[in-house]
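I've put the structures underneath this note.
Both of the next two complexes hold chain A, though its partner changes from chain B to chain C.
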Partner chain A sequence: MRTEAAAVTLAGAPRSIGRWRSLFTQESIATIAVSLIVAAAVLLPLATLVVSSFRVLDDLGFSTTWGLDNYRLLFTDHVIPGAFVNTLLISTGSMVLATVLGVSLAWINARTNCPWREKLEPFNLIPFFLSPFVGAIAWHNLAAPKTGLINALARNTLGIEGHLLNVDNIYGVIWVTGIFFTPLVYLFVVGSLRRMDPSLEDSARTTGAGLLRTTLTVTLPLVAPGILSGAIIVFVTSAGEFGVPFKLGAPYGVETLTTQIFTKAVGDDANYYLGASMSMALGAITAFFIFVQQRYIAPRSFTTVTGKGFRPNVVDLGRWKWLALGLNLAFILVAVVLPIFCLVVVSLHPVWEGEIILSDITFRNYVKTLAFWRTDSISAATNGIFNSFILSFAGASIAMVLSLVVSYMIHRTKGFGSRMLDLLCVIPIGFPGIVLAMGVLVTYIKTPIYATLWILLLGYITRFFPYGQRNISSVMLAISEELDQSSRMAGASWITTLRRITIPLLKPGIFAGWLLLFIIFLRELSISIILYTSGTETLSVGVYYLANFENESLTSALSVAQTVVLLACIVIFRRMAGREALTA
Partner chain B sequence: MENEKATPPYLEVNGLVKWFGADRAVDNISFGVERGKFLTLLGPSGCGKTTTLMSIAGLHGIDGGDIRVGDVTYTSFSKKLFLPPEKRDIGMVFQSYAIWPHMTVAQNVAYPLEIRKIDRAEIDSRVADVLRLVGLGDMADKLATQLSGGQQQRAALARAIVSRPRLLLFDEPLSNLDLKLREQMRVELKRIQNEVGITSVYVTHDQSEALVMSDEIIVMSKGRIEQKGGPHEIYAHPVNRYVSNFIGVANLLEGHVIRVTSPGHGEFEVNHGNERVILPCCLGEGLKEGAAAVLSVRPENVEARRKDPGTPRLEGEVLEAIFLGNCVDCRVRWGAFEWKVLAHPRDRLRPGERVFLHLDPDHSLAVQP
Partner chain C sequence: MRHRIEPFVLKVSVALAAGVFAAAASVGAAELTPQEKKLIPLAKKEGGVTIINAIFSDRTSTRMAAAFKKRYGLGDDFQFNNLRKGTGATVAQVRQEMKAGRFTVDVHLVSDPGFFAAAAKQGAFEKLDSGYWKNHADLVNKAGQYTNYPYVVVPLAYTFQPVWNSACPGMENFKATSYDDVLAASLKGKTIASDLTKSSTYTNTTISLMEAGVDMKGIFTKLKTTDPLIEFRTEPKMQLVISCERPLDMWNLSGRVYQNVAKKPELAKTLKIGYYKEGQVMLGNQAAVLKGAPHPNAGKLLIEFLLSKEGADVFVEGEALYTFLKDYQPPEAAKPYLLNLSEHKLLGLKDWIAARKQFKPVRGDWTKMFK
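Presenting the complex of A and B:
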């Protein structure tokens, strides 16, 4: 029946009738395989963690029985209940500080005529990329009672007895955590302030409402979901933060859940099972807040803000604009300039005693921490540099491949599998790195991957691939599905379509996500600290090692090295991804 | 109609069913298209047109029925057959055009040929030919993002026809264009389809598009077929109120068939206030004496006169008369009912005037309610 015109086509493609193979197409095999991998990676550690938390170690530390003793200890131990309270205090304090600063700075930058806004904005975001642990080390060097640079200066120039500032306490922990997480709130809020349809505010103004009233009754409610989201993320991230309380809290009697989990995971009185129960407690808190944020708050922030590129209303601050500028500069000073400056200064002294002595300046600390070819170099530091680059490169690459496939499944296939994957991708965000790492530890400690870089890689990817996935998803949502479908109709298989159409279109998102993960992995501490062993140190573990077993000067040298690499990544990131690529 | 059994249609959709969750998007529809013909699926948004098209394209599975083109079964629910979309040899034009922004126009159009592993020289000549056919001869090296909407439309069409597929599918391809361009593209698209002679299924919610372009039209509603027929047949002989209302403009009066005078002709009774008016008319299929029905009269078949015609006497008041150049679009109040009337400009009807309406019995059709 067919005439020639139709018959010349589809050379090579089988004419035969295909079987109903909906279970065995390329697409569904990939979906099932990826779902299983992701499910195993995410659920296995959490399940093992739950099981482990009910195993009770006997007094000799050899055998275990089942029971609730670990949970009882959460309330009766002489340290843990206090650590619990400290965690809540620190998270709440950091949240308040970061929210006040983040919202103010976002408003100043998005909506006022504050001078130099465009120039200052990138600096506001720098702490987002740096390591809070290094921030804590820097602030310790700035404001420790005896050796703090600021205190020494105050003693010498103002003649103050004792000290001016002290960050070696719970307020110091809150201070450093708060300023380092301010960019999180900033990013959540600045986007909605910029993209808000100005006519929403204009129409309030035309009804006779003044500026203040419009801000309070229209602007603020519209960005409220963004503010709330940012605040919750800061609370949860602070609760899971290990480096800052480890540096500024634990040595001075301010234990938190994370520092306690750490002591149960390493060292002589290690008790993984008690560590597991503490992880469960911490994970329960964070997962609850993330659930609330994802389920009830995040969806609302999109309905109020339109995606069009509006020119937002700008408020003329008059003379107050100098105050706004002052606030912004002060933030950059305390969060970026002072810490980095102090680290550099300390790193150039053989030992740090609170005073700058120009005649002592030396690069020996850099040689000892970076010059891996020399026999007097410190192997924890040099190993850390190598391992971190390997882990960051491999981790970011694998995670982005996984993210790509997962995003595709979520957005381009329908049904049960895609909804499952969507859920699986949120779960890791709900658990702090240290909690997930405890799960990975108890799951794989008896397997060959323990004590290799593989277990670190697994921990990194499991915890952080959702960030990559979000980056790709946001681009994928902007790309019409019809672009893929028309390739299928043109005769291309699923794989060919992915290779020739989907991936090329997603390139910007893939690259931005890759670099973000690279940066996150390069400074990662709380997973690494649980999973490393001698020989598999990472950069941040190297810093931890130096801080614990060597002196402040060596620690600062490696911190500066890490910071320089991270700053270089930020420059590349901004070039490639544009300024709002982070908000996902 | 009779010889359909002798030679089966080229594309045949039989008993197609598609569920989305608890929602029956397509509810047991069957139709066929002769080779080289142009069929339009017409209906309001959400009636299942895209779903039907996607089922033919193989972009989703189906929950019942069979789809066959020529001697190739595309999908058969009962025999558990499913040909993957890329093996179906179909050209498709999407609503968003879906021109790949990372390729030039020529690369876009060459893609289906590259997939078919045709050699480069032939690809180049066929791409050049088809771009000339759609009027994009000098745009080959432009990036898709540099094209206007109408040009993207042409590029999408070129890409769909370049491999001379068995079937062309169009999903509301003109709905993103402005009115002028849309009217121009209708004609152009039809010309190109004629030229390449590829059997086509076209989806639209725009009835005038369907009337202009189609060999046959299927009017759909809520996942079902209301009527299938040629443009003229659908316009002149709608089977029910729904089709009559959807295609063109019609005056729709509710009432009863009171008498069948001869096969296909009869009398229709409407309540007008207290009085009952009897109108001679044509009878649609299946209407018996006493059946509740709807009388459908197109505005161009209603005449407004100043002289009293006797019976049936439809006296009304002109509410509005809009001068459109070649005709006057009037609204005439008749009790609670408002007539739409297309009058001749020389009649010079004025708002407020009393007129008598005359219906042409040959163009007054009683249809199923």
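Presenting the complex of A and C:
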């Protein structure tokens, strides 16, 4: 008996050693390490937030006790319930506006004979890359009731008394958020429209349905998953948007959850613990919608897209094509041209007095915000430029390495681990930047990375690496696994296979993802505003600083600088990633 | 230590422009005190200092850094970091750092007596040994400001005043010397309501005026009828005044006018500053060095600098702020923007710490009215 047992043990030993050895392969070490990093980065801040939300701060702000008072305040406070309602109204309004505009523009550009549609398409996408906060600053100067350029023009030329437009209210927040997030819906829809099987529409047309009816009853339902996905993403992104309501809402009595979270986190009525409970509320809403999108909408198969190579019919709009062109141009005018023009005009005045004064024109504001070598430059602005480039370059690079390994694990390995990792990658998308930043701040305040660029880097990567991961995943899914397997069977190690087979094949996805993250980091505000300190300001923090501590002219000058850099990035993006990198 | 004053309206000559107090030694820039001499080598060794505050602009910060380094011979390599945030935001950051026991800030300078009292009680500040404080203490106490020497001092103060743009339609003949003036029905659509919920200084101003018998509920009710825009930082409010979006701000700082005139001198003709005969609330800014700060000696030296005449010249010239330094004469450029405090009714608070407990009800009433 004993001999048998010993024999079993001896026979089992090599197997268990082999099993242990299999755990220490390059692949599994990388897998485990990356899983732990992702889990820690995503879950730690959120766990900290949950715990903090149950701590109640005393009046003097030093002692805390356990309790549910913070959650009670969410319902009984005089401002927070209103902020909650405003958030829902703004998110819904922006979603409707962005969806109507996004679907219309996508349909016009992808399926109609609208003139210049191919030339105009890149301009439709520009707002996606620009900062909505800067957009809000620009629109405030365009359509503030008394001093907005459009209103001044209307008074001077049309003799209108009072004002024509007013964006300093909830409608203004919806307007700016909606037009800046229109490209999100556009991107979700345009690909499906381009790949649609034309026979479905042809059938409808041959049975006598007109253009409008065919579009409404056949075309749009077929791209419904794309529309719904885009709409939900806009809803969630709008709920987490901080810059636009901060500029156009809060000063005019329209508080949102993000402006209130900011005030509670680091603002002038700070109560981090109450902020944490508000973050939980906001996070629960956005996470729910992301869950619905990921679980029920995204997996719905696009039955319109099959293996056949389709080229959908171009719909002849007849005379209506000029109306389509008008809509296309009008969108570019309000989302790109007017805001940039207004920022440039305001930035050229030493002090903006609500009217163009040609004798005042000066470049002094650009000197103060950009000329870092001069003693009269504003350090929050000049630091911001340097730091944003450092963070964008390093952040995008690290995030893409992480994304590569994570994507590989999700799509090339099977089992519970890959499913968990897939879930972990969805969580940051569901939580607004300001919420995640709150968690990051408190989690890491006792560590050496507090008050350094590293904490910002960590916040950026945690929040946005899923964007890169999804970029790589989309390319990886199109590459057969057999190529990897052949390499491994030929004796190549995991790293060699990754280096010589996988990465070269994924290059376009990696580069597109890197540039996308670079641009996102360059205009990031919600995370930076919570985590920055002296010397670690970013470009958007610089704009925020100037808006709060200086004046509109200096704010506009740095905004113009940020916009120029972002536009340059868009040109590079399109040149290097290809025309269809985003829209295909 | 709580500072209490008699419950009467203070009419002190905070020796700013008037120089009513003749006695006492005035402190010149040439002489260094023994305390400063002791701190200089230690500060040099530490190599830098970080101050967090709500008021020093980049221009003032640059000048202050140069003057500070020059006065003490700290050398060009010495790092002077000025971190400017909102009042509450500075408190939030410092409180977070205290709780975490991880400090990036050396000196905290802001008007929030309740916070400083609570933090001092917890032993959160370094003990100061100031050579200059004796030249301030008398006037600080007479102005009803909270201090807690040797931990907390008050190097400077400001007061909210009415500011308006006479170039805007309907504002040509406007003048403000009382609250009635800034609440007239004719000002509908021209006013700004300072957001109490986001600012301890607006809240303290309200409580101080209430304590002096001013009917603040009545004031806010009237203000509400003028359909004001709600904003809290003084700079964006000033921008609204300049652009005529809201040509009158009930509570702003004369220093903001001064800074905009520096950018465009023509504005001196149109931007006007008033005062309130009901009383001007002096908001002393407390300063302390954080225990655990990375540069405690440089922090102490910076506080000495702020209490010296040379330091006062920098922030008075840059921001049109008030110092409590005896016999102080402000620089000429700043004089038009400073009140002659000997001619005005100055208000403090009986108990700044107890006032903190009134924040919730006072802000609650304000919120019900404006939000």
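Here is the rule we use: the second predicted complex is superposed on the first by the 540 of 584 C-alpha atoms of A that agree within 3 Å, B and C clash if a C-alpha of one lies under 4 Å from a C-alpha of the other, contacts with A are read in each partner's own complex, and residues count from 1 in each chain.
Here, a residue touches a chain if its C-beta (ideal position, glycine included) is under 8 Å from a C-beta of that chain, and two chains touch if they have at least 3 such contacts.
Predicted model only: the values in this text are computed from it and were never measured.
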Inset, instruction - Go through the superposed model and pick first if A:Ser493 touches only chain B, second if only chain C, both, or neither. - result: first
Legend entry - Of chain B and chain C, the chain that contacts the larger number of chain A residues: C
Legend entry - First, second, both or neither for A:Ile501, with chain B first and chain C second: first
Inset, instruction - Go through the superposed model and pick first if A:Ala270 touches only chain B, second if only chain C, both, or neither. - result: second
Inset, instruction - Answer with first, second, both or neither: which of chain B and chain C does A:Thr375 touch in the superposed model? - result: second
Legend entry - Which of chain B and chain C A:Ile390 touches, first, second, both or neither: neither
Inset, instruction - Answer with first, second, both or neither: which of chain B and chain C does A:Ser480 touch in the superposed model? - result: first
Inset, instruction - For chain A, give the residues common to its interface with chain B and its interface with chain C. - result: none
Legend entry - chain A residues within the chain C interface of the complex: 59-62, 78-79, 82, 144-147, 168, 251-253, 255, 263, 265-270, 272, 350-354, 360, 375-380, 441, 445-447, 450-451, 533-535, 545, 547-552
Legend entry - Residues of chain C defined as touching chain A within the complex: 50, 52, 57-59, 62, 81-89, 91-93, 95-102, 104, 114-115, 118-119, 122, 197-200, 229-233, 235-236, 238-239, 242-245, 260, 263-264, 267, 356-357, 359-360, 364, 367-368, 370-371
Legend entry - List of chain B residues in touch with chain A within their complex: 10, 57, 59-61, 70-73, 79-92, 94-96, 98, 100-102, 111-112, 115-118, 156, 159-160, 163-166, 169, 197
Inset, instruction - Report the residues of chain A in contact with chain B in the complex, numbered from low to high. - result: 1-2, 5-6, 8-15, 17-22, 25, 414, 480, 482-483, 485-493, 496, 500-501, 504-505
